[in-house]
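Would you mind keeping the following structure in view while I ask a few things?
The letters A, B, C, D and E name the chains in turn, as written, and every chain counts its residues from 1.
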Amino acid sequence: MTAVVVSSVTKIFNRGRTDEVAALSDVDLEVRDGEFVSLIGPSGCGKSTLLRLIADLIEPSTGTVTVAGQGAAKARKEQAYGIAFQQAGLFEWRTVLRNVELPLELRGLSKRERKARAEQMLALVGLEDFAGHYPAQLSGGMQQRVAIARALAVQPPLLLMDEPFGALDEMTRERLQSELLGICAKTGTSTVFVTHSISEAVFLSNRVVVMSARPGRITASIEVDLPSRDDAGRQSPAYFDKITEVRQALRGTPAAASSPRSSESAAAGTDAR
Amino acid sequence: MTAVVVSSVTKIFNRGRTDEVAALSDVDLEVRDGEFVSLIGPSGCGKSTLLRLIADLIEPSTGTVTVAGQGAAKARKEQAYGIAFQQAGLFEWRTVLRNVELPLELRGLSKRERKARAEQMLALVGLEDFAGHYPAQLSGGMQQRVAIARALAVQPPLLLMDEPFGALDEMTRERLQSELLGICAKTGTSTVFVTHSISEAVFLSNRVVVMSARPGRITASIEVDLPSRDDAGRQSPAYFDKITEVRQALRGTPAAASSPRSSESAAAGTDAR
Amino acid sequence: DQDSATPAPGGSGGALTPVKLQLQWFFQAQFAGYIAAVDQGFYKEQGLDVQLLEGGVDIVPQTVLAQGKADYAIAWVPKALASREQGAGITDVGQIFGRSGTYQVAWKDSGITKAADLKGKKVGNWGFGNEYELFAGMTKAGLDPGKDVTLVQQQFDMQALLKKEIDAAQAMSYNEYAQLLEAKNPATGKLYTPDDFSIIDWKAEGSSMLQDAVWANTEKLNDPAYQQQTVKFLTGTIKGWAFCRDNAEKCRDLVVAKGSKLGKSHQLWQTNETNKLIWPAPGGIGVIDEAAWKQTVDISMTTKNQTGDTVLTKAPEGLAFTNDYINQAITAAKSAGVDVNGTSFQPTTVTLTEGGA
Amino acid sequence: MKRFLYVLLGLAVAAALWEGYKVVGNPEGTVLFGVRILPRADDLSMPHLWTVLERLGRPELTGGRPVWIVVAQACLFTLGITAAGFVIGALVGLLLAVAMERFRVVERGLLPYVILSQTVPLVALAPLVAGWGGTIMPPWAVVSVIAAYLAFFPVAVGMLRGLQSPSASGVELMRSYAAGWWRTLVKLRFPSALPYLFPALRLAGAAAVVGAVVGEISTGTRGGVGRLIIEYSREATSDPAKVYTAMLGAALLGLVVAGLVSLLELPLMRHRRHVEVATL
Amino acid sequence: MKWARAALPPLIVGVLAIVAWELTVSLGRIAPFILPAPSAIWNELVEQRQNVWEAALASGENALIGLVAGAALGVLVAMAASRFKPLTEVSIPFAAVLNALPIIALAPILNNMFESTSSIPRRLVTAIIVFFPVFVNTLRGLREVNPIHQELMHAYAAGGWTFARKVRLPGALPYVFTGLRQASSLAVIAAVVAEYFGGLQTGLGSRITSAAAFTAYPRAWAFVAGACLLGLVFYLTTLLLERLAMPWRTRLIA
């Protein structure tokens, strides 16, 4: 079965207002069962929007989204996916264990059951010793691992991640990438992974989907087949080739070609902090 | 002449207290005139500490720091360096132009002079059209460019940067890297550049200095000589080789070797957010 | 106004001596005599330029006097004696009010007519040092003010009594009692009358204490110039009060002109009631009556308030009062043709209008 | 503008509640278990709003000036006292904050007492300062001192937080420019503190009004609304609407002061983010 | 050790201030009817400890009831306002208006509306004064929900009530306590000052004024010291509650 099917989806924010934004235009995407797909593209190209459409956090303007063979809304209500964001987004007033328990709690699992499951998940990400800690007592990398454990807690067939390692330093990042791959392999989860990092996308994915902005659309879909996904893989020529290929696909987008700064100064209005 | 000489420097924070930290231990470093040196290493290895020692923002416990042939304190008072941090740290109540003018103001330049110089710097980073904007109206990448312009405003012989692109997405980052290289080449500035990104370090530097933690020390110093520092350079085998070499130098550090998580869980105490 | 060119009999001629008098409260007819003496030029005749300082909730006149920020102060005797015990060097040089004007007012139908009836009742009380007559009265009647009654902080109005929240309210004959009579009885649509209330008069209960007196700085009283000035000040004061005895309506107008927010009929009532506290003055206005003084001091030393504190811990030391100056002033006033005894004084009947307007 | 409409709406709702309660409420209040849990609704305790408005138009005393003029003048007088107290308090608060920012020891040693100072009830303070009037300062200035005593506190605490708000890198940047403490204060700390200062000033404004009103009452200063409140409340028995006119004046004063303080920040807070300060 | 470092500077300042005060009074021969010496106040405090204690209990009870009522109301109204947008729009400026009013001056009116023989009016004054900081802070906390938490709970298909209970309320807790901290000492001041205007004569306020009227300043200041201590107790208790309620907070008073 197909994990995700996005067909002819368009998303327009603030339709009919002066600040109307066409975030996604006519996007088609399929994620096969067990597949690891990365979304990459310049800031504002609609990666997060696409992910949130799949998660049914927003609704498409036109087109349909199917998750595990059912409508996205139904899938969400059945917790058919786990989700993680760039900010770990842990609940600071809950211990690590109770953070991981939260989705189980909302599913109505018994206290004993959810404790067992949460502990199992923490073991998976190697944090069994920190169950009683509060998030503020953990480093950024550890927090992100808890967030992943939480996303996996309901053992969903699909994992959605929006730049989960974006805030980490490169070395921690590489370690977590390897761990994530291990977990996905072990659990057979399909994954949609948003990232800004070309090397990360290439290292993790079976397929890298390259997007361009204004309006957001998919411009390339690059299959990746590394000899191995470990340190050796990171040094293989195939890896470097794919990195170059993705970079060129990104550069090839019309927006970046027109002027070296245009996309950024245009982004100033929406992307300002 | 040598831009920076750090010799036998040790830095211990909170000496004699229970929370004593040996941040740097017996560090020697020389930066030649016009050289671009990157510092890389795991979180907490003392990269920022070393940079702040050079900037005379803190003082070494033992050892000496010389900048442009004079003591670090004297160099600071003469504004012999420009500095930029991960957070652009612009003053939100000043326009872009007046942010760049700030160091000139403190140097006592006349109004006309500093306006001229600041405009020139903004042109250098390609933001001449945004002189009258306030920082909040700019994207993150543009803010960081203003911060660089500000660091360069006094036309210092030395540029110190602490993960200046750490908060940007990879594509913006690559663009700014190229721009920075262009500026450094044009102005002949020596640069000490702290980063977490292996590829960034390799792409930018004449030399990558690898550090390890607890106590912080320099474990390797890798000369980099890419055929060209542009998109072609990013695809050259020399580039990928150096990346692998730096990665191995980093992995080779005892801290990382002992246990996959040890450095991180140990960091939890100091690094917690 | 009186012609200010009239040569001052006792004055050294020429420039007037500036004198500050600290009052206890806002301008009202309680201080009509001083206001009149200023307005009618009685002080000027004496070579004094008197400035009246208004009081306030936290203004303690005798402290102001002791600190040298006023030359004389009007204060109730027990409060001033307490300040003396704390080191304030002040002396009572003229006991203008010979009688106390403090009532405890209750509804007629409550059956409260004497202090003993207050047992178990809610009793209004101003605090601010105005409570000892009440406490002495209750103590005398065998009640413990701390236990046998519920004391309630009374406001500046009489609503609490009118709404029967409290059973008896503290009232000055010249002020709060009038407020009761200025209020409309919702049942009849007419003003309340004295028949609606019963009054416990502390004078009758034997627990009254001396009230408004002129206090002077003890130390400065050693200075002949200040002595002279005190006599002059008291002379002017006597003339002022005598004027108000004989010209109540004129005094009312003077007080109103001073910016009091209370209405005309109210101020006339107050002038009249104040006169009753002064006149007739058999020993001459302002002369301190030893018996009344002793009663005041005794009560001050023995009566405990709800926290068990007495006003005084020991008998007043030093020159607490003297009749030297008031007697000289009386002589001076008499020789100017002023009736200082008011033997023939007859209070008028003042008709209060709604709100005292 | 929209805010203003909302305030009007809120006032209308409050007025409707008041009159509505007068219609349905028990004139004697609702007593439950011996405790009056709902207020009396009779005209003596809660006069009709129109009675109050109408009272504003009538003379204060027969033949006197209309109440509204008296109240307005009193408000103006109190506004002056408030302004003086506000300025003194803000300055003292500022200086304290700067001293505490400059010297850690001062902060450690003083801050607890700055907080403690606000637990001293005015009732205790007033007699102490009441005597200052007429000697070292005019009597009205004593009231300003009391107002300042309440006003300095939020400024000191808010400003301290503000001065400490710049990031470490901002401070290091100034150090890298070889800027001393003073220049760092002027160029970095002070501008950074503005978003903290203005909310603190608004609190200080409100506190200064309270201080002025209470101070007038306690020191017997003539001419202001505080004095009017107490003088009119003596007539509450016979003229209940009158107290409310003075209260209305005090409320108006509070609003005007809040408005004026907000005006202060308009030119300075453009391009600035707003923060909320937590004092204490 | 750490405690000593934190406690020492204020202690030193306090001791120095008291010594300076004592010396000023005794060397400057300042009469006790102007400014009493700390030693005199201390003596009174010892002598009157029973009275101070009882008065503090009375005022403390009023302050506590006002605080609890005002805080509860503040939290409830903030919850309602955070649920219904229009209510927020009306309530924020309105609360600001309320805060700008010299509420203490309301006391005489409340005394008439309720009854001056009960403690209701002064508790009401306290509650109104407490309401503002609690309301404003809580509302801010309730509105400042981390957008990630919002999306997460949406992803978990959590309902409105679950969301409020599991995210909004605990997330707002630090803000609630910020408000409570400000409110705690305000409550004591309000309760004491409100005694100025009527009601039962049992509390610190009426003791202070009564003593001051008799120029018994050492006694007045003994009761003032009682009021300060009461305020401190309220403040520290709130701080302690905050600690207990939020064990995940490593630092207090951000």
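Everything below uses one rule, namely that contacts are C-beta pairs under 8 Å (C-beta built on N, C-alpha and C of every residue); 3 or more make two chains touch, one makes a residue touch a chain.
Heads up on the chains, UniProt names are A, B = ABC transporter ATP-binding protein; D = ABC transporter permease subunit; E = ABC transporter permease.
Fair warning: this is a prediction, and the values are worked out from it, not measured in the lab.
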{"item": "Graph distance between chain A and chain D, where chains that touch are linked", "value": "2"}
{"item": "Touch graph components, with chain C removed from consideration", "value": "one piece"}
{"item": "Contacts common to chain A and chain B (chain labels)", "value": "none"}
{"item": "Pair of chains joined by the greatest number of C-beta pairs in contact", "value": "D-E"}
{"item": "Distance-maximising chain from chain C - centres being C-alpha averages", "value": "A"}
{"item": "Inter-chain centre distance, chain C versus chain E (ABC transporter permease) - centres from mean C-alpha coordinates, in Å", "value": "40"}
{"item": "Intercentroid distance (Cα basis), chain C paired with chain B, Å", "value": "83"}
{"item": "Averaged-CA centre spacing for the pair chain E (ABC transporter permease) and chain D, given as whole angstrom", "value": "17"}
{"item": "Whole-Å gap between the CA centroids of chain B and chain E (ABC transporter permease)", "value": "49"}
{"item": "For chain B, residues contacting two or more additional chains", "value": "136"}
{"item": "For chain E (ABC transporter permease), residues contacting two or more additional chains", "value": "34, 108, 112, 115, 196, 209, 212, 217"}
{"item": "Chain D: positions in contact with at least two other chains", "value": "40, 44, 123, 127, 131, 233, 236"}
{"item": "Which pairs of chains touch, using the document's own definition", "value": "A-B, A-E, B-D, C-D, C-E, D-E"}
{"item": "Chain D residues touching chain B - in the complex, by the definition given at the top", "value": "167, 169-170, 172-173, 175-179, 183, 187-188, 191-192, 194, 271-273"}
{"item": "Footprint of chain A on chain B - complex, ascending", "value": "42-43, 126, 130, 136-143, 169-172, 175, 196-199, 231, 234-235, 237, 240, 244, 247, 250-251, 256, 260-261, 264-265, 267-268, 271-273"}
{"item": "Chain A contact footprint on chain E (ABC transporter permease) (complex, rising order)", "value": "146, 148-149, 151-152, 154-158, 162, 166-167, 170-171, 173, 246-250"}
{"item": "In the complex with chain E (ABC transporter permease), residue positions of chain C that touch it", "value": "57-58, 60, 62-63, 66-67, 79, 82-83, 86-88, 122, 125, 127-131, 150-157, 159-160, 163, 165-166, 305-309, 311"}
{"item": "For the chain E (ABC transporter permease) and chain D complex, residues of the former touching the latter", "value": "6, 9-10, 12-14, 17, 34-35, 89-91, 93-94, 96-97, 99-106, 108-110, 112-115, 118, 120, 136-137, 140, 178, 181-182, 185, 188-189, 192-193, 196, 204-205, 208-209, 212, 217, 220-221, 223-224, 227-228, 230-232, 235, 253-254"}
